[in-house]
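First subunit A sits with subunit B, and in the next complex the same chain sits with subunit C.
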Partner chain A sequence: MANVSLINLKKQFGKSLAVSDFSLEIADGELVAFLGPSGCGKTTTLRMIAGFLDPTAGRILIGNDDVTAVPVHKRNTGMVFQRYALFPHMTVAHNVSFGLEMRKVPAAERERRIGLALDMVRLTEFKDRYPRQLSGGQQQRVAIARALAIEPKVFLLDEPLSNLDAKLRLEVREDIRALQQRLGLTTIFVTHDQEEALAISDRMAIMHDGKVQQVGTPQDLYEKPANLFVADFLGKMNFFSGRQAGEGQFQTQEGLQLKVAAVAGDTVTIGVRPERTELSSEPASDNSVPVTLKSCAFLGSHIDVVLTGAGQQRLSCQLSNTAAGSSHQLLQEGARLFMNFKATDCVVFSERGAR
Partner chain B sequence: MTASKFPAQRLYPGKLFLRVFVFFVYAVMLCPLIFVIWLSFFKDAILYFPPSGYTLQWYQNAWQNQAFINGFIFSMQVALVSALVGVCLGVMAALGIIRYKFRGNKPVNTLLLSPLLMPGIVTGIAIYLFYLRTENFLDRDIVGTIGGLVLAHICLTIPWTVRLVSASMQGLDPSIEEAARNLGANGRVAFLRITLPMLRPAIVAAALFSFIVSFENLEVSLSLVGPGNTTLPIAIMQYLEFNLDPTIAAVSTVQILLLGVIMLVTDRFVKLSQLV
Partner chain C sequence: MSLTVDTHAGRAGRRMGVFLAFPSSLIVFFIIMIPIVLMFRYSFNDYDPINMMREAFTFENYIKFFSDAYYREVFLSTLKVAAICTALALILGFPVAYFLAKTQTRFKSLLIILLVFPLMVGNVVRAAGWMVVLGHAGAANALMQWLGLIEQPIKLLYTPLAVIIGTTAVVLPYMILTLQSVLEGIDFSVEEAAQNLGANVWTTFWRVLLPIAAPGVAAGTMLVFILCMNAYATPVLLGGSGITMMAPSLYGQIAKASNWPFGSTMALILVVATLVMALGANWLIHRRYVKTMAS
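Then we have the complex of A and B:
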């Protein structure tokens, strides 16, 4: 395994810029997720690391070797594809064997490593089956075994769970994380599913329009989003536009006076997560915003409440379904309530929301 | 799927019409074949209905006719070589058209398919005239040589390969070959060990169709064969000029059975019905 450095990586397709100036250091044994909406450049970046695409500018280092000009088949990366990409005319064992044959590993050693790889993904008894005889989850596990059998320097996963149904997705995700931890694999995991990225990664890079928006641990990104895109893309957030109105004070454009711990001179937007708010019939907490209840959806473990604030502003509040569900009596359509939140739960931004 | 799971379906007028129509189409397609096979056993030398009896004499007659035997062997040889060369060239052409988006990609594709669209006799005459010009230019014989005939047949077989193989290639997931390269295979190895085997059904089908197209071709061969080099279809036509007995039916029956067997054997290895 090895560390990976991306240095000012850039990719241009004709006139459109797919990736612009991407720099990132990935430590040995770290799992980094590239997260973003489709077309944000995450897959393009991964394909440049694997060598399927030549960067327009910039350099790629794997274990301190510059591999920017090294062809795909000599890069020693192990890649897992969205649609499994198993060789349909070969058995599971032959699929896993292919990379070892290409490396001229002697037959006895090959057998041992095929056994190990299939054992890792618990598919030993399926080794003589053909891919079409396996379920989607099993096929993707074969693809993982095939990529890891060659003992790659970097493990690359391109939306590996997108083609699986919800239950398998969780199962394979846990498999990937467990293997990655046990083998200390330097891993890059591309996904558009934020829950996946949050659950699996050591650090994540959120991308949008070819640019990296923010890199950090899942907690960091969720609690301290660097900009409105990250805040909005990762989870939900209620935004208020306005300006600073004195020490620890923020005035919204609707005229509400809010207490915000981190407010600064350049703050023009503040945000608060729906799960950090509460509803009551009387004002409480640091901040209380008058709202009208529009609708609510019961989702089992929690309840999503949609509210209308001053100036028809759409707000949302997430209440957990606790045993003391007394406040839920308030949840009637058209009810006039207060949405309460703490000054320390507010996040500040120096850019204006698009609303 | 078991039939008992589903209640018997009501036969709507539309469905009934469809069934009758399908039956009719099959009947029209199969009738000539069935009649030819039946006729080949008629006893009478002049076709007479109903036959006065049945005999195997016409098969014996065909077997003893040197023109048919020579024609059969010659057609076999031409068809085998044409199919082999045509498939190789066609696979390469399909690869070029699908993989490399060069300028003039579409016109080249159309050009390669054009023998399918042209009446055979037109292609035949065109090739004949082209050969005559080339003969003058090179000062050597082409018309009437085996090489000239095989070359023309290759032109006829290429469209089948290009169509079947390029369709199959388009259906392949490109990430499969990428996976091979990622695992350490260079472009050539990835193609030979991964992509080519995945194209195998299409290539086998293409070879089969190429063989049949060449084997049964009459129109193009007609203007290109030389003395002593007569294909089976031409031998049949020449026989028909002076005879009308069921020998021809016997020869045709053998031909039908032969091609039928080849089809069935091929279908065991690759499912032709899924390709064509």
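Then we have the complex of A and C:
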């Protein structure tokens, strides 16, 4: 395994800029998720690392080797594709064997490594089956075994779970993380599913419009989003536009006076996560915003409440479905309530929201 | 209870379907089979120049065909031309079909229409076009002279080469369309997977793409080989006296020499040889590539 350095990577397709100025250091044995909406450049970046695309500018280092000009088949990366991309005319064992044969691994050693790789993904007894005789989850596990059998320097996964149903997705995801940690694989995992990225990665890079918005641990990104895009993309957030109005004070456009711990001179937007808010019939906590209840959605473990604030502003509140259920009797459509949240739970931004 | 009723209704419906399809199937069967059955019978008949065909049961015609060096030559050159044209169509057609299957261009349907277009022009017309190109003062000779490759015009028309060029041009669209329809269904990420695992472009083609495309290759090869074996207009117009192939030759026996028994024998030999070769090639390709996928 090796560390990976992306240095000022750029990719242009005709006039459109798919990836602009992407720099990232990925440590040996680290799992980094590239997360973003479709068309954000995450897959393009992964394909440049694998060598399927040539960067317009910038360099890619694997270990200490500059591989920018090295063709795909000599890069020694192990890639798992969204649609498995297993060879349909080969058995499971032959699929895994393919990369080893390309490396001229002697037959006996090959057998041993096929056995190890299939054992890793618990598919030993399926080695003589053909891909179409396997379920989607099993097929993707074969693809993982095939990619890892060659002992690649970097493990690349391109939306590996998006073709699987919910239950299998969780199972294969856990398999990938367990293997990655056990083998200390330097891994890049591309996904558009934030839950997936949050659950699996050491660090994640959130991308939008070809640009990296923020890189950090899942918790960092969630708790301290660097900009409105990250705040809004990762989970939900209620935003208030306005300006600083004295020490620890923020005045919204609608004239609400809010206590915000981190407010600064350049703060023009503040945000608060729906799960950090509470509802009550009387003002409570640091901040209490008067709201009207619009609708509720019962989602089992929690309840999503949609509210209308001052100036028809749409707000949301997430109440956990606790045994007490104290505030649930308040959840009547059209009820006039207060949305309460602490000054320390507010996140500040120096850019104005488009909404 | 309702289940049994449904099953009965289903079975009755199916029986009704078979019943309704029967008359037309019978007609189609006879339309296709009668000429072949008659030919088969004729091929055992006797021929003399005065009485023409006489009812008989003799293997004379078959013996004549295989013992006469001239007909053996006709038969072998037909096989050769068909094999060469099929191979050429495959080699030339595969890259085109591959491009068509993979391309994202919005002109794709236009390209396919262009490919189908020659099929709307009869073989005779296209062969006549090739006559213009390949003739003594034709475009091909003019071009080669202009390039300085030759000093005097060379004989192209009425040679086996002309027949091979003309026939390949006729069958190429069939090959491309057959291959393209199969390649279209391939998930090309397998190519990327192979390269990612260390295979170069060449290995990727031989070990991954070709085996997966084998059903298309088998179908295209079979179809094109049959067309080549039975080619008539192109060999007549472009081969002239330079090469004789089976279809023109057997037509000559029937229409010019009025030797129906021998013409029928040739027709039958052509049918059987075509079938054996086509099915043999199909079987080989399937055994080599497809069986593994179907097991």
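Going forward, the second predicted complex is superposed on the first by the 355 of 355 C-alpha atoms of A that agree within 3 Å, B and C clash if a C-alpha of one lies under 4 Å from a C-alpha of the other, contacts with A are read in each partner's own complex, and residues count from 1 in each chain.
The definition used in the following text is that a residue touches a chain if its C-beta (ideal position, glycine included) is under 8 Å from a C-beta of that chain, and two chains touch if they have at least 3 such contacts.
Quick caveat, the model's predicted, so the values are computed rather than measured.
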item: Subunit C versus subunit B on the shared subunit A, clash or fit after superposition; value: clash
item: Which of subunit B and subunit C A:150 touches, first, second, both or neither; value: both
item: First (subunit B), second (subunit C), both or neither touched by A:89; value: both
item: Subunit B versus subunit C as contact partner of A:130, first or second or both or neither; value: second
item: Touching partner for A:79 - first (subunit B), second (subunit C), both, neither; value: both
item: Partner chain(s) touched by A:203 [first = subunit B, second = subunit C, both, neither]; value: neither
item: Touched partner set for A:273, first subunit B, second subunit C, both or neither; value: neither
item: Doubly contacted residues of subunit A, that is, touched by subunit B and again by subunit C; value: 50, 52, 71-79, 81-83, 85-89, 98-99, 102-103, 143, 146-147, 150
item: Subunit A-touching residues of subunit B, taken from the complex the two chains share; value: 173, 175-176, 178-186, 189-190, 193-194, 197-198, 200
item: Subunit C contact footprint on subunit A (complex, rising order); value: 50, 52, 71-79, 81-83, 85-90, 98-99, 102-103, 130, 132, 143, 146-147, 150
item: Subunit A-touching residues of subunit C, taken from the complex the two chains share; value: 187, 189-190, 192-200, 203, 207-208, 211-212, 214, 289, 292-293, 295
item: Complex contacts: residues of subunit A adjacent to subunit B; value: 50, 52, 71-79, 81-83, 85-89, 98-99, 102-103, 143, 146-147, 150
